[in-house]
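We call the chains A, B and C, going by the order they appear; numbering starts again at 1 in every chain.
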Amino acid sequence: MAQSGTASELSLPSALMLLAPLTLLMLAILVYPLALTVWTSVYPGQFSLQAYTELLSSTLFLKVLKNTFEISLSGTLVSLLVGYPVAMHLAAQPPSRRTAYLIMVMLPFWTSILVKSFALAAVFGNQGLVNQLLGFVSGGQINLPMMFNRVGVILGMINFLLPFMILSILGSLLAQDRTLILAAETMGAKPLRIFWKITLPLSLPGVVAGVLINITLSIGMYITPALLGGRQDMMVANLVDFYTRQTLDWTAASATAVVLLLISGLLVALLGKVRGASGLSGAVA
Amino acid sequence: MTVTPMTVTPAPASAPVAEGDRAMVELQGVTKRYGEVDALKRVDLTIRKGEFVTLLGPSGSGKSTLLNLIAGMITPSSGRIVIDGRDATTLPTNQRGLGMVFQNYALMPHMTVFENIAFPLQVRHLPKDEIKRKVEQVLDLIQLGHVAGRRPRELSGGQQQRISLARCIVYNPALILMDEPLGALDKNLREQMQLEIKRLHADLGITMLYVTHDQDEALTMSDRIVLMNGGKIEQQGKPDELYFKPATVFSAEFIGSSNLIPGIVEAGGVSGLSLRTAIGTFPVPAADFAVSTGDKAMLLVRPENMTLTGGPGVTSVSGRIDDSILLGGVVRHFVRCKDQSTIIVQELNQPDRPIAKRGDEVRAGWPPAHARLLPPSVPH
Amino acid sequence: MNALFGSSRLSRNLIATAAWLCYVFLLLPSLIVIPISFGNPGQIEFPPRQFTLALYQQFFTDQAWWGSMVQSLLVATVTTMLTLVLAVPAAYALVRSQLPRRNLLRGLFMMPMLVPVIVLGLGLYLQFSNWGLLDTTTGLVLSHIMLTTPFIMVSVMSGLHHSDVSLETVASIMGASRPVIFFRVVLPQLKASIAVGALFAFLMSLDEVVVAYFLTGTKAMTLPVKMYSSIRWELTPVLAAVSTLLTLLSLLIALGIIALQRKTEANP
């Protein structure tokens, strides 16, 4: 009843006064630089779309774009395959124990991406823990190159992506009506059948949201490919940096950034359709 | 209506009787529209200084809208609101000089009981020692001095509601609004609090506007009841007026229980009128509204005015006992008439009372002077 | 467990094994840096063959390292305070007003979370090179305010949605002005949400690397930027000591947030 009242409601002038400082800052430090990027991409002296036509005919750009999609999609796929059983395991725990496990899942989320990259190099590098173990077991026969190549990027990426995937799927698993499964069991359905016929279909919204969040987050990745990948694993974000710092071609850098902005904008819009506008914020906070 | 500009001077602690009939709140043709829906339709209402007025009505009848308009939480679509002689139609809430008690108490969880009650005084920039004195005084008044240092959530619901009342009383507002303040309490506590609020009202003479959907509460507490229905005032008056002289079928049904028998007005009887119904023709007392023979009308007889024993000068109708239930001090009989309608008869319970059994043939009777003729109900 | 996917012991064990492998994979990188940091100062070594504090000594005696940490802590602290000052009133206005098109503003404040950081990094680089703000603490703090705003917004707006509006109404009826209501009724109720948002923002700013890498050179260099170039070019074992310090800090902040969130859930 009080919600619609003027007593609990700010008048328009005071609302504007409270909103103005942050709005001005956002216009100056967010909207302006984005607009400047678009402007730089189409106005190298005079208006021209040349930067974009050049990108489309550049083998480097096309290869990097292909890399980006390959790495994002395969990272997301691995994250889904690994994350689903984890979400099932979490969903099956009693609430108190689930909180403890969730802290383990969330810890990487709180850890600096640089710490994780450094540590992953220490674990999966040529002299790392995993190769030491493999060497010990095989008597020095096996040494898997897992860092500074595609495998390294994907390992780093899923370490970053998994918490988002797990939380998203967990949400839709916990929302399921468990009596459905009991009913199916009473009627004699086998576990695998129950999974395919009930659990999986009902968790699809969480899966779709998780997949979209993962692709959105991975498509603009910069640190992981730069630190854990090889020269062949450059992604779009790294290309932006390359044009900016190495070739000092700000027009190409801006055009590349605009392409990335469009792709991720499309993904965010898609995610918004699936989960409502708070899709990403819900996953982060 | 003259509008004298004046500052909000709270009514003195005991309002002199002479001020008793001056208006504290006046609503003039107030309408509140939400889109296509009129939540309130051209309502006129006057609340006198020191009066205890209850807004009674079913949910959606507009009583909360009316309260929120007076509080300033919403502004009227048209009409005028005058509070204490000052036009308050668009006055901001915090300048109206009112107090309000909510059903959920609305005590600040981060403040102690003392700080909660001190808050309105601090807002008014009273000196520290005066605040302390006033808060202690009002805590004594509600006999909760010992909980001054506690947080609201450590207290029971009844205690919290008394604190919330104290927080209003302490700054002497012109008018205290109460929005179903006892709705969250259990029955015993509710009755106890009704008496306590009544006592505070009598002692302090503060004007109170009370909203409830509970007719017993309204009958217990009010100087005047304003019965609301469909965004309009259906009827207003003292509790016994509303009970004994309902003007409409809605009033009769909302307050107390009632037997309503539809029929057609005919000439005859002592008053010159009688009503022909499906179960017989009965003499009726003179009506409060314009009526002539051939009109449709309703006969109202309260169950407690009926008896199964008959007697001289009693009108009666024959029927068969359907059920007879014991409610402690009274017995309630459900009498099925020949047209299958049910009449409720309520008698005092006595040890030597003959026991009515299901299927017994009886005559349900009433003194004609205790019946009342009402206009037929108009669907809203 | 059987309530969710049947009672087969085999499937249960398979799932538990897969889940535990994943937990180890998620935890290992955060934890393995701790033993390494106390080990051989000459090279990155796991398991460590000695116990020494040499790497920490190296970190705290090398001005390039601890200087960048001081810079990071400074930037994160100033950023957090300024973002609070700007975003809390804005969140309040968004939730408690009928401003037309307020969803547009809400979208604007949430946008930094949705735009790839590299795009923001480039845009700010182009802008700040015009404005002379490259390699300045001011420029960095401004961009970090922008980047951390969504996190404080989300937390404070959810706190406002859970707070009791009738308290503000009753304060207004009692005669309190809007500023009094904001400081004495609204803010005390938001304490926990503000603290959660602030811790989040602090951690985000402290760990932020992409924008800082674009905007800073030698003068305003933050710890993540220093770490980034170090991992990229030399991979020194000092990184293990830095990582341990950062992980412990993250852990502390995370535990603080979890405790605060529990507290708000316990007394809404």
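The rule we apply is simple: a contact is a pair of C-beta atoms (placed from the backbone, for glycine too) under 8 Å apart; a residue touches a chain by one contact, two chains touch by 3 or more.
This is a predicted model, so every value here is computed, not measured.
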In terms of CA centroids, furthest away from chain B sits chain A
The chain whose mean C-alpha position lies nearest the overall protein Cα centroid is chain C
For the pair chain A and chain B, the C-alpha centroid-to-centroid distance in angstrom is 60
Taking each chain's mean CA coordinate, chain A and chain C are separated, in whole Å, by 17
Note: chain C sits from chain B at a C-alpha centroid distance in Å of 56
Residues of chain A that touch at least two other chains are 2, 5, 7-8
Each of the following residues of chain B touches two or more other chains, namely 71-73, 92-94
Touching at least 2 other chains, the residues of chain C are 166, 169, 172-173
Seen from chain A, its contact residues with chain C in the complex are 2-3, 5, 7-12, 14-16, 18-19, 21-23, 25-26, 29-34, 36-37, 40, 82-83, 85-86, 88-92, 101, 103-108, 110-123, 128-129, 132, 159, 162-163, 173, 176, 178, 181-182, 185, 189-192, 194-195, 199, 216, 219-220, 222-223, 226-227, 236-237, 240-241, 244, 250, 253-254, 257-258, 260-261, 264-265, 268, 277, 280-281, 284-285
Touching chain C in the complex, chain B uses residues 71-73, 92-100, 102, 104, 106, 108-110, 119-120, 123-124, 153, 167, 171, 177
Within their complex, chain C touches chain B through residues 164, 166-167, 169-177, 180, 184-185, 188-189, 191, 267
Per the touch rule, the chain C residues reaching chain A in their complex are 1-8, 11, 14-16, 18-19, 22-23, 25-30, 32-33, 36, 44, 46, 86-87, 89-90, 92-94, 96-99, 105, 107-120, 122-127, 142-143, 145-146, 149-151, 154-155, 158, 165-166, 168-169, 172-173, 178, 200, 203, 206-207, 209-210, 214, 224, 227-228, 231-232, 235, 239-240, 243, 246-247, 250-251, 253-254, 258
